[in-house]
Amino acid sequence: MLDKNQIAKRIAKEVKNGQYINLGIGIPTLVANYIPNDLEVVLQSENGLLGIGPFPKEDDIDPDLINAGKQTITMTKGSALFSSAESFAMIRGGHVHLTILGAMEVSENGDIANWKIPGKMVKGMGGAMDLVASAENIIVAMQHCSKDGKSKLLKTCSLPITGIKCVKKVVTDLAVLKILPEGGFKLLERAPGISVEEIRSKTEGRLVVEGEVPEMDIQ
Amino acid sequence: MLDKNQIAKRIAKEVKNGQYINLGIGIPTLVANYIPNDLEVVLQSENGLLGIGPFPKEDDIDPDLINAGKQTITMTKGSALFSSAESFAMIRGGHVHLTILGAMEVSENGDIANWKIPGKMVKGMGGAMDLVASAENIIVAMQHCSKDGKSKLLKTCSLPITGIKCVKKVVTDLAVLKILPEGGFKLLERAPGISVEEIRSKTEGRLVVEGEVPEMDIQ
Amino acid sequence: MINKTIKDADEAVKDISNNAVLMIGGFGLSGIPENSITALLKKDISGLTCISNNAGVDDFGIGLMLKKRMVKKMISSYVGENKEFERQLLSGELEVELIPQGSLAERVRAGGAGIPAFFTPAGVGTEVAEGKEVREFHGKLYLMERWLRADFSLVKAWKGDTAGNLIFKGTARNFNPMMAAAGTITIAEVEELVEAGSLDPNQIHTPGIYVQRIYQGKDYEKRIEQKTISQ
Amino acid sequence: MINKTIKDADEAVKDISNNAVLMIGGFGLSGIPENSITALLKKDISGLTCISNNAGVDDFGIGLMLKKRMVKKMISSYVGENKEFERQLLSGELEVELIPQGSLAERVRAGGAGIPAFFTPAGVGTEVAEGKEVREFHGKLYLMERWLRADFSLVKAWKGDTAGNLIFKGTARNFNPMMAAAGTITIAEVEELVEAGSLDPNQIHTPGIYVQRIYQGKDYEKRIEQKTISQ
């Protein structure tokens, strides 16, 4: 079973040279730590920055420079600042190649729910609805099951959804799964030591298994 | 009968303190020369400038600084540069208070034609259609009649129109006329020495004359 | 050049009264109009509609206006980080309209730019789409969204000049430029107010045409929500 | 940072072929991509659709492409100042779509921003409205206009860096930023190309994400159409 950093590490392998990438809050933010140094990529912050750098040293903190999670950040060389309208013009216009975000539920046809639990929690969708409706490639980082053991990979989402038919791939603590165009979670890789049977028992949506399923490489 | 500069001079009296103004090509451009110095106004150039200054001295010519008529210009203090999208956002959003432009025809309900003569001339509408559809106050500067003596103040425009029910006032070589909300040219002022009868005979659209019509003050 | 300078925050907000619709710039606590909010808090008004990406935190920013019960309705994309907000929301005391962040940014931009409606893919198939027109373009579904405009827009810039031109700094720009354009009366507070002619016209983020009042702000706290450092 | 630098104009336009849809920045002859146009003129291609506010003059800019009969269709707001253009138009050799300048600017912006359609008042009641949906909002009539996108956008900036970030100068900015965002492949030529990190991130007009290729231009003529001086 992978921990958060291992999930992030596995997702980092999906990143390609030359991509502009939006990382959501939580596990997705950790992905930045594992992107190989030989890849040239640019991280977008939806509050108006292309070129997120590492967190600042104590002396370099600038309250006028934060990411979408309101964390203090720095800028890389060649970065650019802009308004929120320009930021979402980029996202909506398909200029951001890859979006990595967390989810509370994903359905077998690629629907995602991550913004609201009726009666319990309403923080708002922030930029998530724009991101999932726009990016050409959307990867979800999440736990395979909730804390009380219920599958979060479902036939249909039970929570209010954030977007329809948009998720392309899911990386959980147990597996890497691709959403098939015709619907269904195709099992691509297993976490080290996790059996296909265990994944099947913890996946409520249709699981598609073809041939031998390799273990993930998270080195 | 007024010459071009006198028409411009008369229109300059319509300008109010604190206004943002777009001046079209031709007579409207001349208006800038007659705006009283004690008025603070800002001239907009639709190709991306707020704060048009005087034409440059020979040594100050900058090919990267032109107005919508492609003339070399200068900038006033406190000016701002922006893109064409931002420029028309300003215009469409109603932030420009006054638009002064030329016309080939104006109708008694405020329609204007100034961009095309079928079969003869098609230069394009440029920014005129956006301006007339957006500005809260539109004043037309034009000759009362064409070179062959035909009235250009009509019941309905004969040429393809640029905008409907948008012109508020017309200043010609013969008169100042207000377009009434219910339709019709209300004669406000006569050019020095021009009789109401002459104006009536040269106005094809409905002319409304009430009481004594004063002569223009073009000092 | 038209001079937009006024004395201070109190003068800036003097005619904001009950039931006004306000836009308030900022993302989280970054780039919020601290002085104008402080001046508003001194006034005895209520029934406000606030359009702002966030709702501040419990003891800073719009959070203080919520605590004082000045706000009838919030229009935002994200309102976490705020217990008083959550309480008023769950108890029904506060009306809340949640909008995808990009739709919010674009609806405000459309308000300033005179575009009454446009189509966006954000929210298709979700509860955000309820009651909205859905239309297909090029094989993809889009929602029709309307412009947002405000009686007053409160924005905060880094530098500004007496003609109302504004320059923002870092990610404190965020919603401020669009809100400046979408307010009938736009009130800008700046960290540094200079004479018209002192700023490079090529570097202006918000042209002065959008700003009706500008003043020199003071005592900026610029509170940080998530101080994060690397060792 | 991703490096977008390429050698020169010839390399920049090498894969532009017959029937491509191009956007070309500039207003009049100001801010036009002189080097990219010159490189295009060396190629043996035709059937191009050119989206550009103007069509150059007889012996400069897009006018030269018209003379060489490379262009099948022009989409512009104003095409005066060009006799060859007028001849091809009146003879029917050239297809022309005239669009109000603000609608052109906004349609290009919409293309880059992923907004397939929006409403504008420009052209209501005129022949521009023919075949377009008309709708009333807040008591005023508006036309629905669609986005414009291009296979290639040719833009010209003052300064640029290797990451593709652009800064324009004066009124030479005009249509260049929106066109940069609306091209599948955007080719930027600049007067001064610098290393990523040399430009102030706060002063970038076009973020590098929109630019696929950037090169150092040369021999700018910057021809003036209406030299006007005050005595």
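By written order: A, B, C and D. Residues from 1 in each chain.
Convention: contacts are C-beta pairs under 8 Å (C-beta built on N, C-alpha and C of every residue); 3 or more make two chains touch, one makes a residue touch a chain.
All values derive from a computational prediction rather than experimental measurement.
K.L.:
Work out which chains are contact partners of both subunit B and subunit C.
P.N.:
Both-contact set = D.
K.L.:
A-D versus A-C: which interface comes out with more C-beta contact pairs?
P.N.:
Result: the pair with more contacts is A-C.
K.L.:
Using the average of all C-alpha atoms in each chain as its centre, how far is it in Å between subunit A and subunit D?
P.N.:
Roughly 36 Å separates the two chain centres.
K.L.:
Express in whole angstrom the distance between the two chain centres, defined as the mean CA positions of subunit C and subunit D.
P.N.:
For subunit C versus subunit D, the centre distance works out to 33 Å.
K.L.:
Could you state the distance in Å from the CA-based centre of subunit A to that of subunit B?
P.N.:
Each chain's C-alpha centroid was found; their separation is 56 Å.
K.L.:
Determine the centre-to-centre distance between subunit A and subunit C, using the mean Cα coordinates as centres, and give it in whole Å.
P.N.:
One centre to the other, that is 29 Å.
K.L.:
Which residues of subunit B are in contact with two or more other chains?
P.N.:
Counting only residues that touch two or more other chains, subunit B contributes 49, 81-82, 88-89, 91-92, 134.
K.L.:
Residue numbers in subunit D touching 2 or more other chains?
P.N.:
106, 109, 113-115, 120-121, 169-170, 202
K.L.:
Hey, which chains are touching each other here?
P.N.:
A-C, A-D, B-C, B-D, C-D
K.L.:
In the complex, go through subunit D and note every residue touching subunit A.
P.N.:
Subunit D reaches subunit A through residues 1-3, 109, 111-115, 161-163, 165, 181, 195-197, 201-202, 204, 207-210.
K.L.:
Along subunit C, where are the residues that touch subunit D in the complex?
P.N.:
Going through subunit C, the ones touching subunit D are 106, 110, 113-121, 135, 137-138, 140, 142, 146, 167-170, 202-203.
K.L.:
Okay, in this complex, where on subunit A does subunit D touch?
P.N.:
So the residues of subunit A touching subunit D come out as 18, 20, 40-42, 44, 49-51, 75-82, 86, 88-96, 134.
K.L.:
Mind listing the subunit D positions that touch subunit B in their complex?
P.N.:
27-31, 53, 76-81, 86, 89, 96, 98, 100-106, 108-109, 120-128, 158, 169-178, 205, 222-230
K.L.:
State the interface residues of subunit B toward subunit D in the complex, per the touch definition above.
P.N.:
45-49, 54-58, 61-67, 69-73, 81-85, 87-89, 91-92, 111, 122-130, 133-134, 160-164
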